[in-house]
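Presented sequentially are two complexes of chain A, the first with chain B as partner and the second with chain C.
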Partner chain A sequence: MIDNIDLGLVDWSRAQFALTAIYHWLFVPLTLGLSFILAITETIYFKTGNEDWKRLTRFWMTLFGINFAIGVATGIILEFEFGTNWSNYSWFVGDIFGAPLAIEGILAFFLESTFVAVMFFGWNKVSKKFHLTSTWLVAIGANLSALWILVANAWMQNPVGMAFNPETARNEMVSFWAVLFNQVATDKFLHTISSGFLLASMFVVSISSWYLIRKREELMAKRSILVGAVFGLLSSLMVAYTGDESARTLAKVQPVKFASMEALFKGKSNAGLVAVGFLKDNGKKMGDRNIKDIAFSIKIPGLMSILTGGNTDSYVPGIEDHVFGNDSLGIMSVAEKKARGHYAKDILTSYQVAHRKNDTPQADSLKNVLLTSEYQDTYFRYFGYSSIDKPEDVVPDVSISFYSFHLMVILGFYFIMIFALAIHLLFKGTISKNKWFLWLALLSMPLPYLASELGWILAEMGRQPWIIQDLMTVSKGVSKITSGSVITTFILFAVLFTGLLISEVSIMVKQIKTGPKH
Partner chain B sequence: MTLMISHLFLQHYWWIIVSLLAGILVFLMFVQGGQSLIYSLPQNDVQLTLIVNAMGRKWEFTFTTLVTFGGAFFASFPLFYATSFGGAYWVWIAILFSFTIQAVAYEFRSKPENVLGKKTFDTFLLINGSLGPFLIGTAVATFFTGSKFSLDQMNQVHWETPWYGLEALLNVRNLSLGFAVLLLSRINGLLYMVNSIDNDNLNSRVHRSLLINSIPFLVFFLFFVVSLLLSKGFAVDTITGKITEENYKYFTNFIQMPVVFIIFIAGVFSVLYGIGITLFGKSTRGIWFTGAGTVFAVFSLFLVAGFNLTSFYPSTYDLQSSLTIFNASSSLFTLKTMMFVSFLIPFVIAYIWYAWQAINNKKITEEEMKSEGHVY
Partner chain C sequence: MGKLFSLMGRLFRFYYDGFKNMSVWGKRVWLIIIIKLFIILAILKVFFFQDFLKRKYDNDKQRSDYVIEQLINSPDNHD
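Right after this comes the complex of A and B.
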C-alpha cells in the first residue's frame, strides 16, 4: 500500500479529474438529449415528407455536430485518466470496472460513431429510411454509452457482485448481473439520461424563443418549441421521479452522503424534508469539523421520514449516528469499522509476508481465512476504513452536499413549470405575444447545465473520502507520480478545455444567428 | 450447463482480441497520416478541403477504436493498464492531448467565428497526425525493449525514471518503430486519398508523395524488424512464473509459431503490393492491400510480443515485475463474461462495413465541397 501519500498529488489528481469531468459534462447531456430530438423531428419529416421538418432537423443537427465533437474529445481523456492518474485504483478494481468500459466501446461507441457519419454525410447518399434509422441509432448509441459508464460509476458508489482475491490483491467480479443491475446503476442511468433529455429540450426551447423574440424563423421555432417542450416536460417529470428513487437508494447504500445532503447532523423521527434552506455554523464541533445548523428553511414536515422509512414516526439517522454508531438502530460506529478494516488488512499483510517467505503452510492457512465469507462480509467490506484517520473523516463536505442537492431540486421543479407553460402558451396560440415568457425561456438556457453539474458535484464530492465506497479511499487510489507532473497537465488541460469551450460557444452563437441554411 | 473454458485459453483469446484491435487501430491511423500531409501535399485550398473532408469522415472510427483498445486492455489486462498508463504518464498524456485537439479540429476549422482561426485547427490536425502515430509506435516498441518500473506487493507501479515514459524516446529501436508507424500511416493516408477523392491534380501529387514516404518507411521498418529478430527477449517460466532474458526470443517465437510468421510475412507483402500497384499500376485499390497488410503485420507483432511464454510488457529495472498475459490478466470470470460480449464484434464490423460502403460509394469531388452539406 502507499504509506507516504503526497496529499498535494492527491488533490491535484482530484482537481484534474474534476476539471475533465466538469467540462465533459458540459457537452454530453446535450448529445444525449438532442440526438433523440433529432430522431423525433426526422421521423416527422419521414412520415409527412414536409421539407420544413427536414430543414428544422438539419439546423439542429448542425448545432449537434458542433457540440458532439468536443464531448467526444473530453471523453477520451476521462477514460484514460483512470489509468494515468488513478492507477492503483485501476488495478484494485480493474477486473470489475474495466468490463463496462470495454463494453461501452464495443457496443455503444461504434454504434454512435458509425451512424453519426451517415447522419451528417448521408443525406444525399443513402435512402431516407436508412438515414432515419442512422439518426435513431446515433441516439441509442449515445445513450447506451451513458449506460455503461454509469454502471461503472455506480459500482464505485455501491460495490456489488465482487469478491476480494488475496492472491492477486484485488477485487474480482463474481456476478456480472449484480454489477449491471446494481440499484444505484439503474437509478443513475435513468436520472442521468432524463436530465440530458431535459437539458437538450431547454436548449431547443431557449434558442427557438430567441427566434420568436427576433421574429425570425417563426414556423421552425414554434415547431421546435412544441417538440422541445413536450419532450422536456416528460423528461423533467422523469427526472423528478428518478431523483426521488435515487435519494431513497442513497439513504440505504450511502447513508452518510444522504445525511450530509440534508445537513442532518442529529438523527430524528418525523424528519421534515427541506425544500429551501441555508446553513450556519452552530459553534459546536465534531472532531475538527464544524457542525452546521439549518438557519432558515422551508420544510415539508415528516416527509423525509416518510420517504426513507414509510411513515412519519420513522427515525432518520443523522451524521452523528453514522460516525459514532447507534446500537439501538444497529448502526456500526466508524471506530468499529476501522477495527474491522485493520483486522482485514493485518490478515492480508500476514498472508503476503508468509507468501514472500515461501512459508506455504502459513500462507495456505491464512488464505483459507481470507476466502471465508466471514472474512469477506464481516471484515473485508470495511477494508477502506483501515486508511481512515479520524472518524469524522468519513463525512463529506456538508455545505457542498447540501447546497448542490437543494439547488438542483429547486431547479428541477422550475423546469417542469417552464415546459408546462411553453405547452400552455403554444396551444393557446399566444406564445409569440408573451415576450416575458420568451425572455424567461431564453435566459433559462444555462440553468439545466448548472443543475446537471450540481448533480455530479453531489454524487462525487458527496462520495468523499471514498473512491470505492467503504473499500478504498481516494488517496489510496492515486498514481504514484510527481505532483509537478499533474499540476502541469492540469494547467495544460484547463487552458485547452477553456479555449475549446470559448471557441464552441462562439461558433454556436454564430450558427444560431445565421439560422437554418438548407 | 457450465462452459469448461480455462483461464489460460481466455488469456490467449483476449490477447488475440487486443492484438486485432491494435492492428485495426494502426490501419485506421491513415486518418492521422493524411492529416500529417495537409501542409505539404495540397497545392491549393480546394485540394486541402478535399483531403480534410476525406479524412474527416473517418476520424471517429480511429478515435473509437483507440478508446475501445484502451477499454479492452483495461478489462482484460488491467495490470498493464494500471502499470503503463500510471507509469509512462507523459507519453500517454501526449497521445491523449493530440487526440483531443483532433476531435474538435475537423468540426471547428471552417466554422465562422471559431475564435482560434482555421490555421490553428489545421495545426491541431498536423500535430495529431504526426505525434499520434509516432508516439503510439514508440510506446508499442517498449513491448519489446522494456521500461524501467517495479511493482510492489499490492501491484502498484513505481516508475523508476523521472521522465515517466519520455525516456522511451532515447531508444533507437523505439524511435524506429515510431517513425515506421508514422510513415505507414502516411502511406495508408495517401492510398486512401487515391481511393476516395476524385481530383486528377491531387492524385499525381499523391503518387509522388507515396514514393517519398515509402522509402524511409522501409528503412525504419526493416531496421526495427532486424533488430527485433536479433535482440534478447523476455521469457516467462510457466511453472515458477519467473522472467528471464533470452537471446533471440522474438526470432524463436516466429519460428515456433509458424502461423504467426506466415501472417506477418503476408502482412508485409500485402503492404508492399498495395504500394506497388498504386505506384506502378495506377490502381486505386491499394489501400485495401496496405490496410489488410497493416492489420496482419501489427496483429502478428503483438502475438510475438505476448504469446509463446513471453513477457509483453517487460521491466528492465526489475525483471520479475514484468507483465505477462498470465499475471496481468483479469479473472477467469471476467474474461469469460467479456468473451460473450466479444462475440458481437463481427456484428459490429459488419454494420461498420455496410455504413462505410454507403458513404464511400461515390468519390469526394470539388462540387460536393461547394454544396451546402456537412463540409469541414
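Right after this comes the complex of A and C.
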C-alpha cells in the first residue's frame, strides 16, 4: 500500500490523460465534420443525379472511412484510465457519468456502426434514398455521440443536477434535464461540433487545393472547394458566435478561468478585450505566484466590459477579486470558500465516525443534515476547497490560458478569411490561377487541428486545480498506484497512437495521390 | 418466420458481399482495427488497466468507505 500520493504520480496521470485525449481528438473532429460534408454532397447527387457528385462523394467517403476506422475505439482508453488512474474521481461521479456514457455507447453502436456499413457497402445495393438517409444518420449519430461525452465533460466544469450521497460517496443525478441542459454543455456542444465542421471544411479545401496545384481532378476539386468553403465559412461564423457564448458562460461559472484567459489580475471598468498580446512577469507576487502583466497588446477598448456586463462602465472582476473576494460585488473569497469546504468535510467526517462506532442516532441525525439542501448548496458545493492549501492555488497557469485562448481566437479569424477568400476566388473564376492561395490553403490544413487542441488545453488546463469544479481537486481524484505503472502505459500509448497516426496519414496520402475512381 | 429468415439472409449477404468486395485500403484499415482492438482490449485492459477499486475491494460498501476515507483523510498534494 502506498501511503502518500507523490506529485509525480499526479503529473504522470495528467500527462497520460492529456496524451490520450489529444491523440483521440486528432481523429474525432474530422469524423464530426466530414460526415456532414458527405451528407451535403450526396444530397446534391440525389437531387441532380449527376454522377460526378457521386464520384466526389465516394472519394471523400474513402478518406472519412480511413479516419473513422483508425480513430474508432481510441476513446475507450480514456474510460480505462478513469477506472485505473482516476478511481476516486470515477467513483465520486459514477452515477452522473453513467447515463450520458451509456446513451453515447448505444447511439454510437446502433446509429454509426449500422449506417456506416450501409454507407460503404450499400452503393448500388440499396435505394438512393435509403443510402442518403444512412449518410445523414451517420452524421447525426456521430455528432449526437459527441453530445453525450461533452455533457459529461461539461458537468465537470459546472456540476449541476446532482446530490451527494454520503453513504455511497457518490454524486447521484437528481435532474437528468439539468445535466443535459447545463449551460456549459450547450455551449460546449455547439462550439465543439462547429469547430469539427470547420476542421473538416479546411481538410476538404486543402486537399482540393493540392489537386488544383497539380492540375488534376479540377472539376471535382472546385466543387469540393465550393462545398468546403461555404460550409467552412458558416461553421467559422458559428464557432465565433458559440465561442463568444462560451466565454460569457465562463465569466459566470468559471470566473477564474475567464480572468486568466485575459490575464486580468486586477479587475477594472471599461476593460478592453486583448486581440493580440504578450505577457511578462511584473516582479510582483500573489502568494508564491509571479504576477504576469501584458507587455504588449492590441486591445479593443471597453469590449470585455460590454461582453460581460452589457456596457463599458461594467466592472470586470480580476483574478485578485476572485482569490481575495470583493464584498461590493458579492464575490466570495477563497478563504470563505475554504471555511465552507472544511465545514462540509467536518460534518461528513463526523457522520463517518458515528457510522463506524455504530452510533445510529448520531449517524442518522448527521445524515439528515448532510441531505439538506442547505448543506448541499451552501457547503458541499465548496467541498473541494477543503483540499486547497493557499488561496492562490485556485489560479490556473495564466500563460497557458492566455496564449491558448488568444492563439485559438486569432486562428478562428484566419479561417473566416481563408474560406471567404476561397468563395471570392471561385466566383471570380480565378482560383486555379492564384497559386499563392492554393498553397496557403494547403499549408493551412494543420491549423484547425491546432486550434481545436488549443481549445481543449484552455478548457482543461484553465480549470486547474479542479478535476470537478469546486468539488474535487485533481490530486484528490487520482488513484494510489505507482507512478512507474503510469509511465509504462504512457510510453505504450505514445507508441500505439503514434503508430495509428502514421498509419492514417500514410493510407490517406496514398488514397489522395490515387484520387477518385473513374 | 419465412420473411424473417429471408431478411436475415439478405442482411448476411449484404455484409458478406461488402467485405468480400472490399477495396485494398478497406482491407488494410480493417487489419489495423483488429490489431488495435486486440492491443486495447486483450493487452492494455487485461494487464495494465484493471479497475483499481474493483481489484482492491470486494463490494461497493468497501469501495465507498475507501473513497470517503480518501476524501476526508488522505493528505493533500498541495501540502
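Everything that follows uses one rule, which is that the second predicted complex is superposed on the first by the 511 of 518 C-alpha atoms of A that agree within 3 Å, B and C clash if a C-alpha of one lies under 4 Å from a C-alpha of the other, contacts with A are read in each partner's own complex, and residues count from 1 in each chain.
Following the convention adopted for this analysis, a residue touches a chain if its C-beta (ideal position, glycine included) is under 8 Å from a C-beta of that chain, and two chains touch if they have at least 3 such contacts.
What you are looking at is a predicted structure, and each value in this text was computed from that prediction instead of being measured.
**Q** Please determine, from the superposition on chain A, whether chain B and chain C clash or fit.
**A** clash
**Q** I'd like to know which partner A:104 touches here: chain B for first, chain C for second, both or neither.
**A** In the superposed model, A:104 contacts chain B only, not chain C.
**Q** Mind working out whether A:114 is in touch with chain B, chain C, both or neither, as first, second, both or neither?
**A** Touch partner of A:114: chain B, not chain C.
**Q** Figure out whether A:446 sits in contact with chain B (first) or chain C (second), or with both, or with neither.
**A** Once the two structures are laid over each other on A, A:446 reaches no partner at all.
**Q** Is A:301 contacted by the first partner chain B, the second partner chain C, both or neither?
**A** In the superposed model, A:301 contacts neither chain B nor chain C.
**Q** Please name the chain, chain B or chain C, that touches the greater number of residues in chain A.
**A** For chain A, the partner with the higher number of touched residues is B.
**Q** After superposition on the shared chain, which partner residues are touched by A:8: those of chain B (first), chain C (second), both, or neither?
**A** So A:8 meets neither chain B nor chain C here.
**Q** Which partner does A:387 reach: the first (chain B), the second (chain C), both, or neither?
**A** second
**Q** Tell me which partner A:49 touches in the superposition: chain B (first), chain C (second), both or neither.
**A** A:49 contacts neither chain B nor chain C.
**Q** Where does A:287 make contact in the superposed view: on chain B (first), on chain C (second), on both, or on neither?
**A** So A:287 meets neither chain B nor chain C here.
**Q** Is A:515 contacted by the first partner chain B, the second partner chain C, both or neither?
**A** A:515 contacts neither chain B nor chain C.
**Q** Which chain A residues come up in both lists, the one for chain B and the one for chain C?
**A** Correct list for chain A: 62, 65-66, 69-70, 72-74, 76-77, 80, 83-85, 87-88, 90-92, 117, 120-122, 125, 168-170, 352, 479, 481, 485, 489, 492, 496, 500, 503, 507, 510-511.
**Q** What residues on chain C touch chain A, complex-wise?
**A** Contacts found on chain C: 14-15, 17-18, 23, 25-26, 28-30, 32-33, 36-37, 39-41, 44-45, 48-54, 60, 63-65, 67-79.
**Q** What residues of chain B sit close enough to touch chain A in their complex?
**A** Answer in residue numbers: 57-58, 60-61, 63-64, 66-72, 74-76, 78-79, 81-87, 89-90, 92-93, 96-97, 99-104, 106-108, 111-116, 153-159, 162, 164, 330-331, 333-334, 337-338, 341-342, 344-345, 348, 351-352, 355-356, 358-359, 361-362, 372-374.
**Q** Which positions of chain A touch chain C when the two form their complex?
**A** So the residues of chain A touching chain C come out as 4-5, 7, 10, 62, 65-66, 69-70, 72-74, 76-77, 80-81, 83-85, 87-88, 90-92, 117, 120-122, 125, 166-170, 345, 348-349, 352, 383, 387-390, 393, 465, 472-473, 475-476, 479, 481, 485, 488-489, 492, 496, 500, 503, 507, 510-511.
**Q** Once bound in the complex, which stretches of chain A touch chain B?
**A** Contacts found on chain A: 1-2, 62, 65-66, 68-70, 72-77, 79-80, 82-88, 90-92, 94-99, 101-107, 109-118, 120-126, 130, 134, 165, 168-170, 172-174, 176, 352, 356, 479-482, 485, 489, 492, 496, 499-500, 502-504, 506-507, 509-511, 514, 517-518.
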